[in-house]
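Per-chain residue numbering starts at 1, and chain names A, B, C and D are given in the order in which the chains are listed.
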Amino acid sequence: MAEFWVNMGPQHPMTHGLWNMKVKIDGETITDAAPEIGYLHRGYEKIMEVREFQKNVVLTDRLCYVSSITWSHAYALACEKMMDITVPPRGQWIRVISLELQRIASHLMWLAAYGPDLGLLTGLLWALRERELFLDLIQLLSGARMNQNFPRIGGVRNDLPPDFDKYCAKITKHFREKLKEYHRLFHESKIFLMRTQGVGRISLADAINWGVTGPNLRACGLDVDLRRLEPYETYEEVDFEPQVWKGGDGGDSYARFMCRFNELEESCRIIEQAIKKVPSGAYRAKAPRRAEGEGFARTEDSRGEALFYVIGDGDDRPYRVKIRSPVFCTMAATPLMLRGNKMADVVSILGSVDVCVGEMDK
Amino acid sequence: MIPVEYELILSTALFCIGLYGVMVRKNAIIVLMSIEILLNAAILNFVAFSSYAPPAGDPAGQVFALLAIAIAAGEAAIGLAIFLALYETHGTTELDKIRLLRW
Amino acid sequence: MAVDWQLAAFLILSVLEIGGSIMVVTAKKLVHAVFWLALTLVTIGGIYLLFLSEFLFLIQILVYAGAVPVLFLFGIMLTRRKIMEEVTPGEVLEGPGEAPREGLP
Amino acid sequence: MSGALVSPDLFTLCKVLITGIMKIQSDAILAGAPVGSPVEPLRGLAYFLMEDWFLTFNAWMIAITIMVTWAAAIQLLTMMWIERKFYSRLQDRYGIMISIWSLPFWPFSWWAKRRNKPTHRGLGYLQNVADGVKLLQKENITPANADSAMFHTAPVLIASSTVMIFAALPFSEGFVIANMPMSLLFILAAFSLAPLGILIAGWASNNKYTLIGGMRAAAQLMAYEIPLLLAVVALLMYAGSLNVIDIVHKQEALLVMLGPIPIPAWNVFSIPQFIGFAVFLVAIMAEMERIPFDIPEAEAELVEGWLTEYSGMRFGLLFGFKWLRALAGSALVVILYLGGWSGPVFVTLTPAVGATVIPIPIIPHEVWFLLKVYLLFLLFVWVSWSVPRVRIDQILNIGWKRLIPLSLLAILLAAYLAALGPALGGIR
């Protein structure tokens, strides 16, 4: 049987977005792979140079459309460092709440997509069902469900709505029960374990060398969580545990799945703590219109390490913006994970690394 | 009942066609298929004669046919395995091009 | 008018059979040959039916429905080389997958 | 026990019916054209109508039409409806809701929307009809580089072999077209023809996805067909017949009385056949290409597998006949292992009037049979919507390393118990 290339994308059920994964298969075994990206390139870094600092938040919202707030927040953080302003404590706490809500919503989107990747359509419907609730919370907070435009340079757009803590507590309590349902659907299914365990393995050294970050790196057994290593906002006051694969011999689809899955509950814990600790006071500081200098921020995005580097030259718009997308770096390492696996594992592996094309192509 | 001559003509024709395929075609897979046709022509005769045997047919021919069918299926599998090995070493299944018996 | 249905069926089946087997040995494409072979084998099964051996007919179909796909598979592997090798639109001609492989450890 | 609706035989019933109709026509002609009248040549027609071969031929045609309509239209729609409704409920949603009740609203949906009236309400039975009509209107695209003749042959091969199953598949003692002596073998042979069509379809479409899908179908066939047949061999040791109706009759006996509840001697209630049942269930799921084993058309990696290039009603035919095969597969399991149409014994009322016991049939055989088939199909649907899909090498492992040894074990046990059964006091 001759080896041949199969295009998985750009229009393919496996690709959650517009990109192409070319795999070279020998029978059913993958011998080589080549991700092909750029179908969704919109020139973010250049567009942002011609817009005012605050107006860029609209753009960064659309970097990853399932994880808007985390990206806008990373940008706002970089701008704040450049402008040398501090966010009032209330604003910081609200940011933490919104970030974790967004993280849960994003992870649920990933979980929803991972189900049909493996042929489990029920997982999609169930995960999206709970994602609705968190989108409702985000809507209550920011007024929008998708591109919230919520973080502002110097704080957040608006204060917490009344009774928000009660809604939060109710939904997180409900969600914890539903997590057990997911547990039964995914973890207790032998076929699911067969499809994920030992599939798409990447060693820790390879993962570090290729710039894999976030849950995908933690799945290899390394405890890196920027919320702990370089705490931003008020994460140091929150008691949570970064989810690291402890079973040894990690780095496979199952470890990545477990790290993300456990983060759902961990984020719930953060929200529950944060909602109790929100102090009163202002939620937004006045941000200057023009700024000069350099701002650098890296945050723990739901897919890994999001990095913003903003340079201002005294004008009201940035001189240069650099975005580091975690998925872009992970994508470069996917051939390593894919090689030697079966063709059906492509979906299992690429589903578990959680691809978001919006931020990958920028 | 169909006259036995008709059946014999049919099976002879099939046998001739199969023989033609075995002799003329170069592709090993086609040759294998031609051998299947040869075997089936022979099995047909077994079945026919078993049903013509007085008084109400003789099951021995059918049993033999059953055996032959099983052997034919096994033979096809073994032949394909051999040709697969040949294809992997020689890169072809054209019988003309395979001249080495050892590789 | 007494039509000998058995004879008619026999003649139809034998025409199909001989035609099919001729197509097998003359077919240009391997997969076509396998298809004609399947037809030939099923019609031979029909002749068994005429000779009142239903069991043999069913065994013929069962066995060859299992064996012929293997032949098919082989034909596919040997003949559909073209679409396996041809370059898909938008593919880099000098060999896709080169770029990410360069720096591999 | 209850009786069958169609008795004694579908063909006999049709023959009686057609004879009646033809008799009336023929009598009418004969009455209208008495001897010596100008239209006397019509009398030949009247005699022709009552000729036996003509009646037999018509009866066959009607019997086949009834069976095909019953299976390919009514049962197909019902199976699809069951599946769609059930998995929708599994996924916390309503599922399809177009029904006869929503039909009058369609032209006035703008009005209904303005008045906040529901346009779709009901059970959704007609949704699949609507989908079929939609598919009928779509264009049948043949890919430019496809092998046109083969591409068009494949759907015919798959569809015809699927319909062929129903020539021998009984819905009750009488509700069957042909009661052949070796109908079980016929059904299995017809089942195993479809992968050939799948291979042709996959090869002829000239597409990498379809090619891989077709090859996966062949590999999967090797994995499940052998344990399927071996499980049947184990069953035949008990049944002693290749006729499905005989196999069902064998299971109608009484196994044991559990207090007042009589337990029927279904094949699944014996140890070797239970192993065979488990093997058969898994293998028939692979045969139906349901989700844990639907790797030939894995839509996540192979788009739609071997179906990718088909469009319009050709796609609809291939896609819809999957449910017909599901019906045939479920029916086969019910016939072989779950007692066929013999209802639970305890449901039949047997009041004793004086010294005579009068059995009162409550529900006809066909209903029992369909009830079992639907329940079994629900089990299949349940499994297939709550597990992911296995990989190609995993199904080969399951087939060769698990199912074949298990089915061989079932054969051994069945042979042992069938030989020693009477000696051990009829143990099963």
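Here, a residue touches a chain if its C-beta (ideal position, glycine included) is under 8 Å from a C-beta of that chain, and two chains touch if they have at least 3 such contacts.
Computed from a predicted structure; not experimentally measured.
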{"item": "Chain located farthest away, centre of chain C as origin (C-alpha)", "value": "A"}
{"item": "Between A-D and B-C, the pair with more C-beta contacts", "value": "B-C"}
{"item": "Geometric centre distance via CA averages, chain C-chain B, whole Å", "value": "15"}
{"item": "Chain centre separation in whole Å, for chain C relative to chain A (CA means)", "value": "50"}
{"item": "Euclidean distance of C-alpha centroids - chain A vs chain D, Å", "value": "47"}
{"item": "Geometric centre distance via CA averages, chain D-chain C, whole Å", "value": "27"}
{"item": "For chain D, residues that touch 2 or more chains besides their own", "value": "208"}
{"item": "Touching two or more other chains - residue numbers and ranges from chain C", "value": "55, 59, 66, 70, 75, 83-84"}
{"item": "Interface hub residues of chain B, defined as touching at least two other chains", "value": "none"}
{"item": "Contact set on chain A toward chain D in their complex", "value": "4, 6-8, 12-14, 25, 28, 115-122, 125-126, 129, 185, 189, 191-192, 194-195, 342-347"}
{"item": "Of chain C, residues touching chain D in the complex", "value": "29, 31-32, 35, 38, 54-55, 58-59, 61-62, 65-66, 68-70, 72-73, 75-76, 80, 83-84"}
{"item": "Residue ranges of chain B in contact with chain C within the complex", "value": "1-2, 6-7, 10, 13-14, 17-18, 20-21, 24-25, 27, 29-30, 32-34, 36-37, 40, 43-44, 47-48, 50-51, 57, 62, 65-66, 69-70, 72-73, 76-77, 80, 83-84, 87, 93"}
{"item": "Interface residues, chain C side, partner chain B - complex", "value": "6-7, 10, 14, 17-18, 21-22, 24-25, 27, 30, 33-34, 37, 40-41, 44, 47-48, 50-53, 55-56, 59-60, 63-64, 66-67, 70-71, 74-75, 78"}
{"item": "Touching residues on chain D, where the partner in the complex is chain C", "value": "145, 147, 150, 153, 180-182, 185-186, 188-189, 192-193, 195-196, 199-200, 202-204, 206-208, 211, 214-215, 218, 221-222, 225, 229"}
